[in-house]
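Each of the two complexes below includes chain A, the first together with chain B, the second together with chain C.
Presenting the complex of A and B:
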């Protein structure tokens, strides 16, 4: 038989179609799906989250899944755009019976909320720690695997109140929804803790020249300056200029500016920078941490803080599903959320250095870490701080 | 010159569809559009609605940029005005959805006319910068006019209701969005058969000559901005009903670039180009994702490995179109049509 161009084309098409068919999922698989930003401005986090979820799903499946049921993870890239995230949601939930979902942004979490409530079949978590989402009444089918942004500020302020009662504090935030999120409630909290918020500075999200802001800081002369609403820029610029001017203020930040890989490049100017971390770092060796040991065995190279976030989110997904299945209940949003809220003094295998209890939509626990430029690494500055205790 | 299309009247010469074959194809296309929601999955319906919203906005931008020659980089911000207008009307006034959409269009048209004032003095890149400045001002208003826009938190919009029917899902919204997209495109196509549309084209080709011909530049340039903004306002209003949350970050500046890219890729000064450009810019990233899906069984964790490649391919495709087909997708379409018009006499 001779292979004509037409038959070769038909063969290639048939092969392509066969390969395109997704790997068949068993009917009773427990499905975690995700709108993951693998490209775009948030890709640095998305790549880590994706790997974290994959690794925990593998660990859970290797341990026998959930009562013998396999856990499957399906994800697609969203480029950190809300319209694409919703498209991915529709696509993945159309092709699979999804029980648990990872969303990539506050915008997506708010947009998809009516649909989650309408379906009632999915429990969602994600990359957003927005204070607004920490409301079980408005967002009954969502949670976040850590403290919300206001709680992160609360942890920092509690630490400040402990180490320097009555300290002067400055807030610097980007002029975005993300940046403005915790500012107003945190000011009230600072007052309650006896701290003095001496200046609040708002910058454009991509600020490069911060010389006027530095002058404001110099005039206010705060003991601590807390940044929020940025990942890295313009923090190094602030730190460098503050050092040149001899300001004694100590700089602090929140979760997304706490990855260990960010700061060694900044060097000495970043020495002493502190921030709140809900999870332990990949390289933390204090105490017993079975999960960190497993992660280090699976991936010998450093894993980012978003990786830890994805890993813990997957762990909480699986734990909620396990509790629901064990109780013989249907896997739907309400039951999964109830199972999540039944988590009390839960050992995360060392991902969080203290047992956790999830009463609402967040886990109000964190620890202050400090960047040590000589060691080129983050070191623990405080013990684990649990808000509301 | 095609065979069998001799025109007997001026009206026939000006008709949008001048042959029965064209009318038959159009009828078939409309029938397919009506049948589509009953055959397609939620995902494809969602994409169809998104494409239709983009078609409306891109058509509007093509009126001002493609046909009148006034470069605007404020289309996304204008959509924001429309979206906030609908959100406000729906949550605070409780007026009917169709009225809200009309009001959104009219309000945005007024804002657009205001923003268009600099176009009387500046052109080209200078005007582009002026429209960027306007969109920054609009974004500032979105983020800070708390009593209307609810600041950075934004507004949650209840689902649209028309004659008591709730349009919450893409299936239902399709029957609102698609007819409006049809109407918008039809309106734009007809516009260029009127004095106003011809005046826009004259201004684009050389504004001084247009003025000499008796076209008042002030009125027509502002009218062009107002019309384009009306389209953006309606598209933004539909966007608000579609996504149901409007925040200042919903309409970033890159969204305006997206629309400009759509008219360039589709074809400047071509109604068909607006449609093809909107479809291309919205659907090609999705089609490339399907490509990533095909590679999944062959490559472990293809989603993570190939996603960055996908964005590069999308960029290369856009550059490729600009280099090899500067008149856009509409020109490719015309070439295909010409081939069939002349077939079998010339192939």
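Presenting the complex of A and C:
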């Protein structure tokens, strides 16, 4: 057969369809599905999350699954677009009996919530730490595998209040839903802790140059500057110019700006940058952490912080399912959530350095890490901080 | 106004000028292509991104000195412009403007995919090559990168302005822009002019990419910067090189003032407010040719 353009296309299509067909699922499999951003602006996180979920599912299946039932993970790319995310949700839940779901964004979590509540069959977590989602009444079938953004600020502010009581603090956030999320409640919290919020700076989502913002920061002269709503840019430029100007402020960030691979290239300017991390880093060796050892054995190269997020989310999914199955209850949203909320003083195998208890939709625990430019790595700056204790 | 901080105002204005220069340089790439070929190339932001990533590969990856990497990035930008023009845009010759416009949007997506496949999706920083010492103009502080960006953008735009006035190729490009048929009949190789415009635009975009990347870091979504520059060229006039410079500086200054005295949330609001006003008063931009076809 000569390969014409048409037959080549048909061949490619057939091959694509064969690849896309999910592995045969047994009827009693426990299914985790996911809208995962493998391309688009959030792809750096999606790739890590995807690998983290895959690895934990493999570990759990190798250990016998859930009471002998196999765990299956199916996912598709969303390009970090809410409409595509919803389409993936419909497709995956149509083709499989899904019990647990990983969503890729705040927008998706809010959009799909009425549908989750209507179905009542799925427990969902995801990449969003939006404060709004941390409300078990409005979002009964969802949770997040870490502190919400306001709680992240809370952890940072508590640390500041401890090391420098009465400190002057600046907030810098992007003008997005993500960026605005924790600002207002955190200002109130800072006041309660006796800290002085001297300036709040907002940057447009497309901002490249931040020279004017630096000038504002210089006039306000804060002891600490907390960024939120960014991944990397424009933090390095803030740090570089602040260093040029000899500003004394220390810079801080939240979870998505804390991956270790982001900072070595920024170099000296990033030395001393701190931020809140709900999880240990891949390379942390303090204490005993059986899971980190397993991860390092499976993957000899560094794994990102989104990887840890995906890994822990899968662990909590599996733990909730295990508790539900053990109790002889049906695997549905309400039972899975009740099982999740029964988690008390739970050992995450060292992913989080302290036992966790999940009362509502979040895990209000974290730790401040600091970037050490000489070591090219994040080092622990504080102990584990549990809010509300 | 006794309490007004003039030093602060000066510093903010200088920062605005610098930011505007980056916009103007990117805007130049839009203008070069539009002027010669009447194509609005929405993939300029992504061409800029490719320039930054090539620079990144040659400095951080291969360890070349910055000037060699810069030459490589500019060459890659020019090559990309040539390939895109020859392989994608020329076959579209004679199609409606909106079709070509849509093709450039598709091209942008392809370039983003290419970057994600080649370099990965994680954002990163360019190695520092501009030095660290702060710059003070009198008592006023201004970011070093912004000073360099301003100087480069102003020099490049001046070179293009002079070239279009006195150089044969530049005159040929202007002739083609005015009347393709007449240019053909005078013996000007119009397809070669199209290629030349795309090559120059590719080089300008790559240069802008290195500057933008040095200030704001690089990531597969840094191409959105191209959209900010599109505003600049619509304000300045899509076919005016001087318009790109003046539009860039105007938008840079207004954003800096709005961001400082009203708050960061007002930056885009004032930019697009300015765009609306200009479009109402001069739909072809401040310095554009009157018969521009609007999309």
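Rule of thumb we're sticking to: the second predicted complex is superposed on the first by the 367 of 389 C-alpha atoms of A that agree within 3 Å, B and C clash if a C-alpha of one lies under 4 Å from a C-alpha of the other, contacts with A are read in each partner's own complex, and residues count from 1 in each chain.
As a working rule, a contact is a pair of C-beta atoms (placed from the backbone, for glycine too) under 8 Å apart; a residue touches a chain by one contact, two chains touch by 3 or more.
Every value quoted in this text rests on a predicted model; they were computed, and no experiment measured them.
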{"item": "Partner chain in contact with A:47 - chain B first, chain C second, else both or neither", "value": "both"}
{"item": "Touching partner for A:39 - first (chain B), second (chain C), both, neither", "value": "both"}
{"item": "Chain B versus chain C as contact partner of A:83, first or second or both or neither", "value": "first"}
{"item": "Touched partner set for A:261, first chain B, second chain C, both or neither", "value": "second"}
{"item": "First (chain B), second (chain C), both or neither touched by A:175", "value": "both"}
{"item": "First, second, both or neither for A:132, with chain B first and chain C second", "value": "first"}
{"item": "Which of chain B and chain C A:75 touches, first, second, both or neither", "value": "first"}
{"item": "Partner chain(s) touched by A:107 [first = chain B, second = chain C, both, neither]", "value": "first"}
{"item": "Partner chain(s) touched by A:148 [first = chain B, second = chain C, both, neither]", "value": "neither"}
{"item": "Where chain A meets both chain C and chain B, residue numbers", "value": "39, 43, 47, 175"}
{"item": "Interfacial residue positions of chain C with respect to chain A in the complex", "value": "8, 11-12, 15-16, 18-19, 22, 60, 113, 116, 120-125, 127-128, 132-134, 141-146, 212, 215-217, 219-222, 224-225, 227-228, 256, 259-260, 263-265, 267-268"}
{"item": "Chain B-facing residues of chain A, complex", "value": "16, 19-20, 22-23, 36, 38-39, 43, 47, 50-51, 54, 75-77, 79, 82-84, 86-87, 90-91, 93-94, 107, 110-111, 114, 118, 132, 175-177, 180"}
{"item": "Complex contacts: residues of chain B adjacent to chain A", "value": "41-43, 46-47, 50, 143, 151-154, 156, 159, 168, 170, 243-245, 247-250, 285-286, 289-290, 292-294, 296-298, 301, 303-304, 307-308, 310-311"}
{"item": "Complex contacts: residues of chain A adjacent to chain C", "value": "39-41, 43-44, 46-47, 175, 201-204, 206-209, 211-216, 218-219, 231-234, 236-237, 240-241, 243-245, 259, 261-262, 265-267, 304"}
